[in-house]
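Two complexes come next, and they have one chain in common, subunit A, joined by subunit B in the first and subunit C in the second.
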Partner chain A sequence: MLIAVSMALFALGLLGVIVRRNVLIMLMCMELMLNGVSLSLVAFAQQMASVSGAVLVFLIFVVATAEIAIAIPIVLLLVRHKHAMDLDAYADLKG
Partner chain B sequence: MIETLLIYLFALSSLVAAVLMLVLRHPMRVALALIAAMMSLAGVYALLNVHVIAVFQVLIYVGAVMVFMVYAIMLLDVRDQSFTRRFSGLLVPGIVGLLLFLAILAHGLWRSLPAPAGVAGGTLFGVKDFSVAFLNDYWLHFELVSVLLVAAVVAALAVLQVGRRGRG
Partner chain C sequence: MQHALSLIVGLPLVGFLLNGLIGHRLGKRFVSVVGCGLPVLAFLVVVKCLLDLEQGGAPLVETAYTWALIGGRAFEIAFYFDRLTAVMALIVTGVGSLIHIYSIGYMKEDASYARYFAYLNLFLFFMLMLVLGKSLLVLFVGWEGVGLASYLLIGFWFEDPDKARAGKKAFITNRIGDTGFLLGMFVLYQAFGTLDMVTINGAFSSGAAPAVSASLVGILLFIGACGKSAQIPLHVWLPDAMAGPTPVSALIHAATMVTAGVYLVARLSGIYLHAPEASAVVATVGVTTAFFAATVAIAQTDIKKVLAYSTISQLGFMFVALGVGAYGVAIFHLYTHAFFKACLFLAAGSVIHALGGEQDIRKMGGLARRIPITFVTFAVATAAIAGIPPLAGFFSKDEVLWFAFASTRGGSTLLYVAAAGTALLTSFYMFRLLWLTFFGASRMSAETEHHVHESPPSMTGVLIVLAVLSAVSGFLALPHYLEPLLPVPQALPQLEHLETPLVLVSVALSLLGLIGAAFLFGSAHRADPMPHALQGLHRLLSGKYYVDEAYDRLIARPLYWISERVFLRLGDQRILDGSLNGIAALGQRTAGVLGRVQNGSLHLYALFVVVGVIASLAWSWRHG
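Our next item is the complex of A and B:
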């Protein structure tokens, strides 16, 4: 059951990244995907009664914190540069 | 019995919060929905007896990451097209592709997984077990992660420095 929930969370986060337009909301949906994955890790660790899954989830937390600490300044700079949070404003990278 | 019921309840509330994240308009409300999803996941972890992870979920995710996110939302109060039109043009292809992806994933998972042995297992991951395993077996990973954190701090400073030079 928990595996299905984690799959649903991952899928909803992926859908959010694809579908939403706001850059910050896309970042938050990526966080949701990460949470779904860590839920699946915890469920598997619970089933196998091993503590290494919990350690892995803890390491994932730290990596997620580092990721956010870099992503938010980048988004801040982009938005200050373009004055827009809409993703279409950043389409000039498209060839 | 009551624990299983509570696990179902928390899982359901996390799913509801995730759906709300997709449909709400204002970024602050999306952030609040994400906080609700993370808190209910922390409840699930606590009910699964993985107390360490539940505590760190609340402390790190809700306490640090989401507070940072909320600050960024308050700093960037830009109201542009993403306010009036919530969804990009990829709405229909995104949903179709997602359903396909889910079908493939579910097919692969349901064939390979062993039969689930109940929802609420009895294994207790106390702080003691966790920290003994963490610092005895995984000390190298701990050090690597600390190096990664230092690199992240340096990178964030470098990004801000580039922005200052670009403006000045």
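Our next item is the complex of A and C:
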């Protein structure tokens, strides 16, 4: 059951990343995917009766926090630069 | 004395190294002493070896170094010294030393004095290797080496593109001949498993059926001899080779190197004795070359070109003698020719020196009293080559003519008539040269006339020595001396009674040439317009039968066309460059198409990632 929820969360997040244009929403969708994966880890850990999965989830929280802490300022700077939240406005950032 | 033969060859090499490496730092005196001293020493060693040879009787053999040992067969740098080698080595070192000494005066002003002597010594080294080599392989190394030295010396003043081009022409023409030589060597090696010349000669003379056709080998080797000795159709390089300094022309392109082909055929006489067809080819090519070169010499106006064509013609004479089996006689003519032709070239060099570089005989005349020593030596050598008795050329040429007529090995009346006609022409063009250069009124510009001076003693001394040798060297019965090695053919018995009358005929011919030249060029009417019928002929002769032009049309231009169109434009530019450029363009175009995917849209990237992940999952599902 929990696995199904985690898969749904992941799929929703992925869909959001692909179809939405707004940068902040895309970031939130990415968090959603991450949480889906974390949920599956916890579920598997419970099934296997092992704590290592749960411990790994804490690690993921830490990394996700750090990642968001960098991602949000980048988004802020970009928006300040072009006054747009639409990701397609930044297509010229490609190499 | 041990290692005497290696010493003969090695001495000039030492000279080359000393002069070539440090000569330009140590000054002209050092260069002259080394450059002339070592050849003279080599000459003395040759004399010593000759004395040993006459005392011991058996040929001297010496192995200097084993080059390679392949499957039990040794390739050795070995030297061999018999009477034939002795004659050749004496000419090479003797005349060579004299010309070295002459060069001191002639090249005094040249900036590249050390380089000149280094090359000259290098030439002697290779020439002695050629002459002393025991096997064809060593001979071939020398053969190629003299070609290299000749190339370097013809193009000695390489700042002038014409002279550099003459050097290249000589080298390339020689390479064409060398192809035949190499093929001949391959055939011999395959048949006998050795390149030792004594063994090869023995294998042919042993009476058993030889493993290979003597005529095939003979003709292949003769192609090589043609290239080196400037016989038709490979004669075109020798007249151009006159671009080199005059002493070089005397040493390499008259006395020694160009006679290497004659030496080769004489040394391998064992083959030619059993190859009547090859001998007939040799005689025919020889007499044709002799005759046509003599006709060209009549119409030339450059003093050195006349002598160059005369050299080609005299080499033709030697090949006539070789073709009728009179090998010793050919060497005899080679030997007398070395003296008088070296003398003629050096005297011509002295004339050119006196006139400050003028070579056109139309702008000479009346020099007899101005430069008397040069004149006398030139006149003696001219009389010698024309065959006026009792000078050297008379004896050797007369013997060549006699055997061309009466030899049982291919002598014929036709051969004799052509050769005798050539002898007449020789006398005529040589005396024409003498008259135009030294007699009559002066045709020099006042400026040149003012500077005319006799050459320094180092040059005139050499001229006198060579003139004396041209006069007396005919009294040495060389064919008789060489007879144990090179048998003299029998004369046809029914013709033997003609021997004395034919001597008179050849004397008459040379005197006729003298009188004809004196009549035509000695009087003041020389400027008379030529009869109309002769003008076309004269144009043909002074154009040297347009052989160079014909070669250019028939060989050089088609080759150039093929190189340009087929190899360069089609092969190199279209196929090679085209395929490489095509591959590069393909990569570029593919990259252009694929590059469009990277358009900066993060959504698209994510979609691709998802598609990829799903596809690989599906694949692993199917194949897992």
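We adopt the following convention: the second predicted complex is superposed on the first by the 93 of 95 C-alpha atoms of A that agree within 3 Å, B and C clash if a C-alpha of one lies under 4 Å from a C-alpha of the other, contacts with A are read in each partner's own complex, and residues count from 1 in each chain.
Here is the rule we use: a residue touches a chain if its C-beta (ideal position, glycine included) is under 8 Å from a C-beta of that chain, and two chains touch if they have at least 3 such contacts.
Keep in mind that what you see is a predicted model, and the values were worked out from it rather than measured.
Enquirer: With both complexes overlaid on chain A, does A:37 touch subunit B (first), subunit C (second), both or neither?
Expert: After superposition on chain A, A:37 lies in contact with neither partner.
Enquirer: As a test of reading the superposition: which chain, subunit B or subunit C, is in touch with more residues of subunit A?
Expert: B
Enquirer: Looking at A:88, would you say it contacts subunit B, subunit C, both, or neither? Reply first, second, both or neither.
Expert: both
Enquirer: Quick check on the superposed pair: does A:18 touch subunit B, subunit C, both, or neither? Answer first, second, both or neither.
Expert: Touch status of A:18: both partners.
Enquirer: Return first, second, both or neither, reflecting whether A:1 touches subunit B, subunit C, both chains, or no partner chain.
Expert: First partner only, subunit B.
Enquirer: Do subunit B and subunit C touch any of the same residues on subunit A, and if so, which?
Expert: Common to the two interfaces on subunit A: residues 14, 18-19, 21, 87-88.
Enquirer: Would you pull the subunit A residues touching subunit B in the complex into a rising list?
Expert: Residue list for subunit A touching subunit B: 1-3, 5, 7-9, 11-16, 18-22, 24-25, 27-29, 31-32, 35, 38-39, 42-43, 45-47, 49, 51-52, 54-55, 57-59, 61-70, 72-77, 79-81, 83-89.
Enquirer: Where on subunit B is subunit A touching in the complex?
Expert: Residues 7-8, 11, 14-15, 18-19, 21-22, 27, 30-31, 34, 37-38, 41, 44-45, 48-50, 52-53, 56-57, 60-61, 64-65, 68-69, 72-73, 75-76, 78, 80-82, 85-88, 90-91, 94-95, 97-98, 101-102, 105-106, 109, 113, 116-117, 119, 121, 123, 125, 129-130, 133-134, 137-138, 141, 145, 148-149, 151-153, 155-156, 159-160, 162-163, 166-167 of subunit B touch subunit A in their complex.
Enquirer: Can you list the residues on subunit A that touch subunit C in the complex?
Expert: Subunit A reaches subunit C through residues 14, 17-19, 21, 26, 87-88, 90-95.
Enquirer: What residues of subunit C sit close enough to touch subunit A in their complex?
Expert: 598-603, 606-607, 610
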